[in-house]
Every structure is written in structure tokens, then in C-alpha cells.
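Below are the C-alpha cells for one structure; questions will follow.
Going by the order they are written in, the chains are A, B and C; count residues from 1 in each one.
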Amino acid sequence: MHGLSLKAKLDGVAAGKEIFALAASLYPICRSVAGEGVRETLRLLGRHIPLAIREVPSGTRVFDWSVPLEWEIRDAFIKNSAGERIVDFQSSNLHVVNYSTPVHARMRLADLKEHVFTLPCQPDLVPYRTSYYAESWGFCMSHNQLMALPEGIYEVMIDSGFKKGSMSYGELLHKGETEEEILLSAHICHPSLANDNCSGLALLTYLASQLAHTKTRFSYRFLFAPGTIGAITWLAQNERNVSRIKNGLVVSCVGDGGGPTYKRSRGGNALIDRAMTHVLRHASSSPNIIDFFPYGYDERQYCSPGFDLPVGLFQRSQFATFPEYHTSADNLDFIKPDHFASSYSMITSALDIVENDVTMRNRFPKGEPQLGRRGLYSLIGGSTEGPAKSMALLWVLNLSDGKHSLLDIAERANMPFGIISDAARLLQSEDLLERVEGAAAPPPLSKGRRTVVRPRTVSIGDYH
Amino acid sequence: MHGLSLKAKLDGVAAGKEIFALAASLYPICRSVAGEGVRETLRLLGRHIPLAIREVPSGTRVFDWSVPLEWEIRDAFIKNSAGERIVDFQSSNLHVVNYSTPVHARMRLADLKEHVFTLPCQPDLVPYRTSYYAESWGFCMSHNQLMALPEGIYEVMIDSGFKKGSMSYGELLHKGETEEEILLSAHICHPSLANDNCSGLALLTYLASQLAHTKTRFSYRFLFAPGTIGAITWLAQNERNVSRIKNGLVVSCVGDGGGPTYKRSRGGNALIDRAMTHVLRHASSSPNIIDFFPYGYDERQYCSPGFDLPVGLFQRSQFATFPEYHTSADNLDFIKPDHFASSYSMITSALDIVENDVTMRNRFPKGEPQLGRRGLYSLIGGSTEGPAKSMALLWVLNLSDGKHSLLDIAERANMPFGIISDAARLLQSEDLLERVEGAAAPPPLSKGRRTVVRPRTVSIGDYH
Amino acid sequence: MHGLSLKAKLDGVAAGKEIFALAASLYPICRSVAGEGVRETLRLLGRHIPLAIREVPSGTRVFDWSVPLEWEIRDAFIKNSAGERIVDFQSSNLHVVNYSTPVHARMRLADLKEHVFTLPCQPDLVPYRTSYYAESWGFCMSHNQLMALPEGIYEVMIDSGFKKGSMSYGELLHKGETEEEILLSAHICHPSLANDNCSGLALLTYLASQLAHTKTRFSYRFLFAPGTIGAITWLAQNERNVSRIKNGLVVSCVGDGGGPTYKRSRGGNALIDRAMTHVLRHASSSPNIIDFFPYGYDERQYCSPGFDLPVGLFQRSQFATFPEYHTSADNLDFIKPDHFASSYSMITSALDIVENDVTMRNRFPKGEPQLGRRGLYSLIGGSTEGPAKSMALLWVLNLSDGKHSLLDIAERANMPFGIISDAARLLQSEDLLERVEGAAAPPPLSKGRRTVVRPRTVSIGDYH
């Protein structure tokens, strides 16, 4: 059985709950571009899957970049004149601008304000900010809190530091029948943001755990790396093997109920693009399917012109379009097990297509073969899906001329891939269809799925 | 003169009446997939055209199928306890499930119901049902009648039988200048259904009778054969010559006032597809032009992947979308001479395009030739169609570079093909245009159609 | 600097005023297809630019045409019974049908009416009429005036004549770096019609005067010739060199406030087509962009199949769609300096694109180069155009793979060409981008345009 089984085996409710629980366990950790937070996250994921943890020394040159120092942070606060912690890193790691330099000082409110970030249009929320490449320090707080601060002297302290160490990322290869790979990638550098991207890390970890027991046509490479520099580092270290990647997905923000959103790869017509588009159009009445643009997550790097890999981005709500994005509202209340279940279903449905999109040939191409004699009409006459299934048989027979894959057929028939591939299996089991040499066969139909029902009224049949 | 003359000669009212009368004469006959009903129908059509009647022995293997036995039926009824015929084959042959096995029995109402088909949603109508490949018997009646039947013992009798004989179909070849063929096909197996398909048989027979006196570029092959098995049989018997078919139409349901509907061939861009699309778009404000799908009439067989012939389907209302479809309401009240006239006009207009879609070359391609000097603007200045005709001259001159056929030009100009081809004739008569070698020329313009009118105001001319 | 400077140097208000003044000076002249009016117009334009005036003898054969005689007109009138001039050529040259034969006669009103043209639907306006190829005479007046004429004897006089002389046209070649040419053409045969085409003559003359001081990549050929016969004559005399024309525009009716309208070249996808479409879509919320059709101005000749030049038509209101068209209302009140300014801006913006549409190559194509380190994000962080400019940098880097020109990138990014080409200059100045051999480089960025602003919040940057 190929990847198809992923979806077939799925107990949606249970999967959603497991993914949510994993995301929740990642949420409190203070991650950054490099340092202990990433390492702790990888160890936690490693309890579920045999993840390899790679360490790349600080300062290593990777293309136009160099690997940054590790950031360490132990504590941070702002105290008022009364010595009370009015902003406290211990209550939320978003309060400190990520990658801040250390500071310990007393200052007037006006000077403090130069180092405070707020969201005036969302005055209750704390923003998420980073300062990776400018040496500076800062705090984030709600705008309401900032506005309410009285004049006075404030004590600010960030007990952080930088050290020459290494940047960490996690990698797992599930081997399939071929060395051709599907890349599944999520960024691991954000601190306490639940949807962006505890959700993506958790979903892909769960998917990897399910794949462990599954025989697949393609190999699957999972990559959990810091945004931008992590992907660039991996590309630099794997430059020779990158051509093995035949399809890929960047996964982030998959725990909310928006979208679904798919951003196409740079080329725009890779199999993963067509598969995700197909799945989203059948799963949603208003999917958000957008062309590639060179901003976003690590598809920026995978789709840089020197690589131009067929890698798209799957999300529920599109980044930067939902109000919780990059704020303290992107917390565990914002993500739900149900949304994880449907996101997981969409991703695995698309991977099923990639796994099973084979090209078949009708062995009786002159006129239609007589389906009635073989019981293929009656087989499905009693089912409410009958007419669709009969049409699927006719579509597969008509277009299986060696030039159309099953996805080609599903698209032209405007039917879900699963119905088309089920029809192909049924026809193959009757020796009406054969595999075109060089393409993988779909798995044989399990006998249990075939139930003979005596039809009362044949509404679609050999005769019209 | 080519096929163009078909339309030119048409007295629309008379044609519509003749086709209707022929359809009406076919309506009472109880046709089936094989047997005397088909033969009687072919003999009747043979009175109008020199139709060859082919007989194919029962049991002959044709691709994946075999030719069925002949069905004979003499009488059938259901009698109530009082011995009254409450359902009578003599009043409508739809009352018996077509190809029913013989039966003579007495049974309770509950058992009878197992063999009765009705239309609960159209309770006044009798459905049309067949049972070609399951050995069974049955009756059709209105749902209201069935609901009103009292409990009791009923006598059922179907005096039918099967015999080893032959399946019949009719064929006629009108020879044109070339051996390249246009296939025109209608199914002949339905009993008393007026639109589906007495209408198609009648229209094509009338068309064949008109073609008899017409010199055409292409050869025209008319085929009147039982649905599915008839087309498959013909394909099997003519496998070698099928490549001669360059365009084709399946014709059914052409006597009602719906649509017009054109279903494209499998390839979707054959000349017949473009011609029918062109004609329907100019004939109707909302034509129903649909892509190929592998269900319907015998285009299913012609467009099977082993043949993939450029054959489309022309209908008025699309099958299975009008309430009279496959019911007793598809009777002679449902079809009208006027609708036949317009269906005939659309089909012949499209065939005119196929006949006359030649490629011309402008003999004065550098700048415009001076039309005013030749009286070509003044020629049409006084006509209300003047500006359109002038534009047609300019379009033909501009696009006749050897790469655009007249239909290409008509499509780009968004003008009816007839105006473009008239313009081409006029320009050719002035030696401004010449035929591209290898393509057939349009017929010369008859002198009578050219009337010189002295223009008052030249609104489209050499100068702007 | 290339053509880009044209727009950059433009003081819109001043340009609009200069073009209007020039158009106003052309307005009173009674032009025709050949004769002193054209010559006087060319001399007037020659005061602004070094225009070569070509004279082609009457009767010269040019393709299917011959050059017409010169038309001379000194006076014309209709006098009523009282001897009063009720229609007077001296008050408007539109009153005489252009190219009228001489006449001096007395006649009854009924006979006079045979020679009078009016506009019954626009009863206050005097139409513009010509009679180039039918020997006849006529007057134009308002319909109201005609209706009010009493019965009586009228004296008509047209003091005109024809002489064997020559047809004149003006030509100017601005030499660029290459011999490849951009053709800019306007018709010069219409008498007192301000928009059609004093406006086009004036705008192109102003453009030529600005180009005189500008170094360009392409050579620019300006042509001011009588409609149809002038273009045909030029094509006949320059047949060998026509292949140098790589892009071109016919310009007419550019002084009103309608449109903007662009009619594509016959091929439809020349660079000028894409450039004008791009400019108009960014300049107007509802540009009128239409496919080629073989009627209009001299694009008819340039786009005839024997030449098929990539020449489009730019207008504000489309010809024959505005009520002032070809009437006495197309006067100096109908055209405005502001409209000239915006028309000029659109034309020069499109020419800027043609000049600067080069193909670049990203020198760091593997992953993104680190823009933050080079100050390229911060450079624009403080500007309100910052995010768009940052996106432009990313688009240029991502698509500069040697296969996409800057216009390709602007179209895919859906951003104005200027922002994309500015981004390319900036990246080139940082050695991140290099010219693809064989394509012209965009000009280097002038240092003055680069202002470093310290960013407060990096909203688009290396990290997401």
C-alpha cells in the first residue's frame, strides 16, 4: 500500500487531538534562530520520531550567509519605581525582542519608550519582534499597558547572551521505493506562537510517525529548521542531492480554522501544486489558491532561482492576514484539534495523489468494453454514489490512452481523485486496464471493498 | 457549388414540415436493439433515400461485444380481476420493458409491483425502460395508475421471443470530390419516443435527400444504427476506413425548442467543433456548448480512445435535462416543424463552414489595396449591412496571409462565417485574393448577388 | 541615460501647455491629402524640430495606389438670394467637402441640397467630409441651418483646383545606440480638427524636441504623413528598411480627456503592446485596451499582412466613439493642456519600458542573498513605499534567472515597471545582479536617489 493508506487509516478526531497535544507541549519553549530553545524543541519531537539532530557551528559560511551565534536568555523584566515587575519574560517570552543584547539600566519613561514595541491598532495584544541582524535590545508589551505607564524611573534588565556554539535543526528521512523525495519542511525558530509554527512542527511530526509504518513509493524528507538561515544551511549542505526533491511542502499555521490556503511553487505546475489545488477545491467552496511570490516562509529559499524546487506552502489562514498573526493572541486558544484534523486530511490527500498518480492504458480502447456483462454497472447500481462511480469508470476508460494520468483524468472529469483512482483499481482488477510501463501501479483493490448489489434501475449503463 | 448550397436552397418552413412528417411516420414503430422494428424503420427511410440495409448475424463478435438476438413482440397486457386490459402494449409500446422475456402468469399486486416501473416524481407519465443484458420482464405505467390499483389477482402476459437472426443498420454514402468523410449518425433503437430519436433519423434522412443533388467537397456517410452495439459493430466492420472520417456529428433530440446544445468531440478542437460553436454562438444568445464527457449517445464509441474520431453531438435540449426525456411525454406534441427548421439550418450552416473553410492569400499584401477604385466600397455603401460587409473585406484582406482560414478570420473578426466567405468571394472575383495551393476554393460568386448601389455617404472607406 | 529620462525630466504642466500651444497653431490650416496646407503644417513643425520634408510627385505609383494631385482652394461660399454669404469657407474650412472640384453656379434649394452634408442627429454641428476618389463637390453645414433655408436661388462657388505637383510628408530620425527603430506616426491630412489630429502632430513634435537632447538605445523615426496614401507611400519608398522597425505607435486624438485607449498591433504581443498595456493598467482604473482590427488610422497599413509591423495605436477617446469626432466640435475647446500632459506621460512611460526592458541575472541565485547586511532593507525601511520596494527587490532577485526581462517581472509581480527597474538598479549597484550578455543594461542609479533611513520596524526583511 502506498501513501493512500495514510488517509484511509486516519481516525480524524484522534489525529487532531494528538497533533494539538504535541503543539501544546511545544508552545512554552522560548525558541530563537539558534540556541537551547531549538534544541529542546527537537528533543521533544524526537520522542515521537527518530529525528536526527544536526549541529552547524556558529560562523559557518552558507552561501551568502553565516550561521549566527547562539542566543541565551535566562530572565528579563521591566520594574517600576516601586520595584514591581510590570513586564516579565517569565510570564511570556514574547515580552523580549528575540535575540536582544543584554541590558541592565535605569531610565526615564521617555527613554524606555525608545525600546518598547506595541500594536496601537490592537492595544490589548503583545507583538512578536526580532532583531537578528541589528545589535539592539527591546521589550514588547500591550499598547494599553504602555499608555498607562506613569512618568518615573524604570529598571530594565535582559539577562541574555550570545555564544559561539551551533545552530540546530532536525531531519528525518522516510525511505520509499525510490530515492525520489518529497520534502516536508517547517520552521522551528519562533517562540510562543501556537499557530506560527508549533502547529506545523506538530502536524509534520505526527505525519512522520504515521509514515513509519507505511510503505511508500517516494521517500519523505522531514526538515525542522530555523526560518531562512536554517533552510539556506540545509540547502548549502545538501546541494548535490537537492535534485532528488520532486515535490515538497512548507507547512505553517495549520491549527486555525481559516483558509485553506495553498501558495504554488515558483514553477506553478508541479504535481504537488496540482494535487493541493485539486484537494483544496474539493475540500472547500472557497479555497485560497495563490501564485508564488517571493515572500513568506522557506519556500522563498527552496524556490530561489538557483534551486527552483517544486515546493509549495500550505496554510489555513494565510500569514499576515489574520489578526492573531505575530501577536500574543496566537496562543493555544487559537488552534483546535478539529482544524488539525482537517489540515492533516488535506495534506495527506494531496500526498496520496502524488503517490498514486499513475498512467494507465485501456486494454479495450476500441469502443467501450461491455461493463454490464462484467457486473461493473450492477456492482454500483445500488449505491448512492453509483452514478458518479459509473461516470468515473467511463472517464478512466476513455482517457486511459497512455497520455493521461489519473490526476489528469480527475481534473478533466471534475471528480475527486479518490473516486477516479478507485475506478482505476476496479477496472484493473477486471483486466480492462493496465499500467503504462515505467509508471507505478496503484495498489490492488482489497476484495472487501467490493460489494455486489442487485440493481433495480440502471440509470447509467452500456445503453443510453 | 459546395455544401453551402444546402442552406441557400433551404425553404425553412417546407423543410421543417417535411422532417416533422417523416418523424411522425416513424413514431408508432416498436423498435429495439435488433428485430423487425428496426428493419421496418429502415425500409421507411429507404423510400426517401437509397439507403443500404446491412444485416449482421446474431452472435457475431464485435470487439468486446457480441451482436444480440432479435427481439420479437406481438402483444402484452396486464388484466385486472375483471379481465380488463388495464395496461396494453397495443396502446403504447412504452408499456413493456424493451427486450423483455416472455411471461404469462397470474399474480398478486405485491408480486406484480416487483416488475413495474413508474416515475413517482412525474406521476402522469410512463417511463421508457430497457433490459438488454439482464434476462427479465417488466411493465411501465404511470405512477398514478399504479397507486390506484386495488389489491387482487392480475394476469400478466408478454408475448415476446428472441431469435437468432441479425441486427440491422442503414448506411448511405454521398460521394464528394474527396474520399475524406463527414460522418452523420443517429440511433435507431428507441421505440415510440419522438424527439429521442425519430427526430434525428428524420432530419438526417431529409439532409441526405437534399445532398443527393449537391456537389460537395467531402463525402458524407449517413449511419442509422442501434445505439452502442450498432456503432460498435459499424466501427468493427469498418476499422480500416475509419481514418477517412475527418469530421462528424451524432444527431438526436433535434425536434424540440430547447438549447441549442453542442457537445464537443473528445479532442475538442476539430473543425466540426469550431464550426458548430461558431454557428450556435451566432444563432443563439445562450447556446449550450459543452466539453466532451464519456456518456451520452454514440459519440461515446466514436470518441473511444482507440478511435478518437472528431465527432460531436448536436441536440436542442440536452439529453436527460428535459422533463419529457425517456417518458411518454416525448411524443409528437413535443416536436415541431419550426424547431426542425432551425435545427436543420444550424447543422447545414456548420457543414457549410466545413465545406468552405479554405485558406486564401491576399495578392496585394503590402498596405491595403485601393478598394474604392474598384467600386468595392460603393458596392455596398447603400446596404444596411454595408459597414459589416466593408469590415469583412478588410478582415479578409488583413488576415489572408496563408496562415488563417476563413473560419479563423470569422472568429477573430467575430462576424458570421457567411459574411466573411461572401467577402472572400467578392475579393477573389476582383483578383485581390487567391487560393492557397492545396486548399479547396470557395465557389465563385454568382453574378446575381452583386448589385451596384451609388453611395451617398461613405462611412467606411479607403480613408478615415 | 536612456529614454527613461524623458519622463523623469518632464515638467508635466509645462509640457502640456507647450503641446497645446503647438496644436492650436496648427488648427486653422486647411490641410488635405496633398497641397499647400500640408506643406505649411510641416514648415510650422519644422520650426521646433529638424524635420525633413519629402515631396513625392503626383502620379507616382506606390503599391496598388498612385499619389494624388495637389488640391488648391482659395475661397468657397453659398450666397442666398440677397447675395449674403450664408456658408463661408473663410470662417471654417470644414464647410467645404475636402478635395471638392471647382464649381460656380446658381441653383434652386432642392438642387443645392444634393450637395450638402449635415448631421441630423447633431443638428448644431458641421460635419467633416472628404471626396478624395469621387470627382464631386459639396458643402457641409449644420442641420439646423439647412432646415431654416428658405426656397430660392442660391449661388454656390468653390474656387478650387487640382495640379500636378507633389504630396508632402515630414520625417525625422533620432539616432540611438542601435539601428533598430521605434516608429512614431501621425496623420497630417485633416483640416481644422483639433483632436484629430492637430493633437497627435503636436505631441509627437514635442516628444521629438525632447529626444533631441537624450541618448537612447533605439533610434526613433517620426513620420507626419497624409492618412493612408502617406503611410503607403512611405512604406513603398522604405520597403527595404522596414524590418528595422521593432516597435511603433500611431498617435491621434491625444488631447481630450477620454480613454486612455490602446489598440494592439496585429500580432498583439509586441513589446510596445505589453508596455502600453502595462502603463495604461497602472495609469487608469478602466483603460480601453482593444485587439487589432483592420480599420482606423495608419496602423491599417503598417499592420497589413505584407509588413505586419509591431505598431499599435494610442488614443485617449477611441475614434468614432466620441460625439465631437469628425465635426466642428472637435475644436480647441475640446483639447486641454492637462490631457496632453497625461497623454505625454503615458507614451513616454511606455517608451521608457521599451528602452529599459533588459534581462538581468541574480549573481547569488542559491537562497536569497542577505539584504539586511547590505542595508537594502533598511535603505527603504522608512519610506512609505518601503514594503513595495522591498517586494520589488525580492521579485527581481527571484525571477532574474536569465529568462525573465524586467517587464516580465513587473507583470508577474503586478507592480509598476518603474519600481521594478529601480530595484534592479539598486541590486546591480550592490553587485547582486548582472546584465545578461547581449541585452542592454539599465542605466546606473544616480547616487542622489539613494537615501539611507534608519528603520524603526522592519516589516519586510530577511526573516519572517
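Descriptive notes on the structure:
In this section, a contact is a pair of C-beta atoms (placed from the backbone, for glycine too) under 8 Å apart; a residue touches a chain by one contact, two chains touch by 3 or more.
This is a predicted model, so every value here is computed, not measured.
The set of chains touching subunit B and also touching subunit C is given as A. Different-residue interface: subunit A and subunit C share under half of the residue numbers found at their contact. Note on subunit A versus subunit B: their Cα superposition corresponds to a rotation of 120 degrees, in steps of 5.
One finds 53 Å separating the Cα centroids of subunit A and subunit C. Taken residue by residue, subunit C touches two or more other chains at no position, since every residue touches fewer. Those residues of subunit C that touch subunit A in the shared complex are 362, 364-370, 372-373, 391, 394-395, 397-401, 412-413, 457, 460, 462-464. The touching residues of subunit C, counted against subunit B in their complex, run 33, 62-65, 117, 129-130, 132-134, 227-228, 231-232, 235-236, 239, 266, 293-297, 300-301, 303-308, 319.
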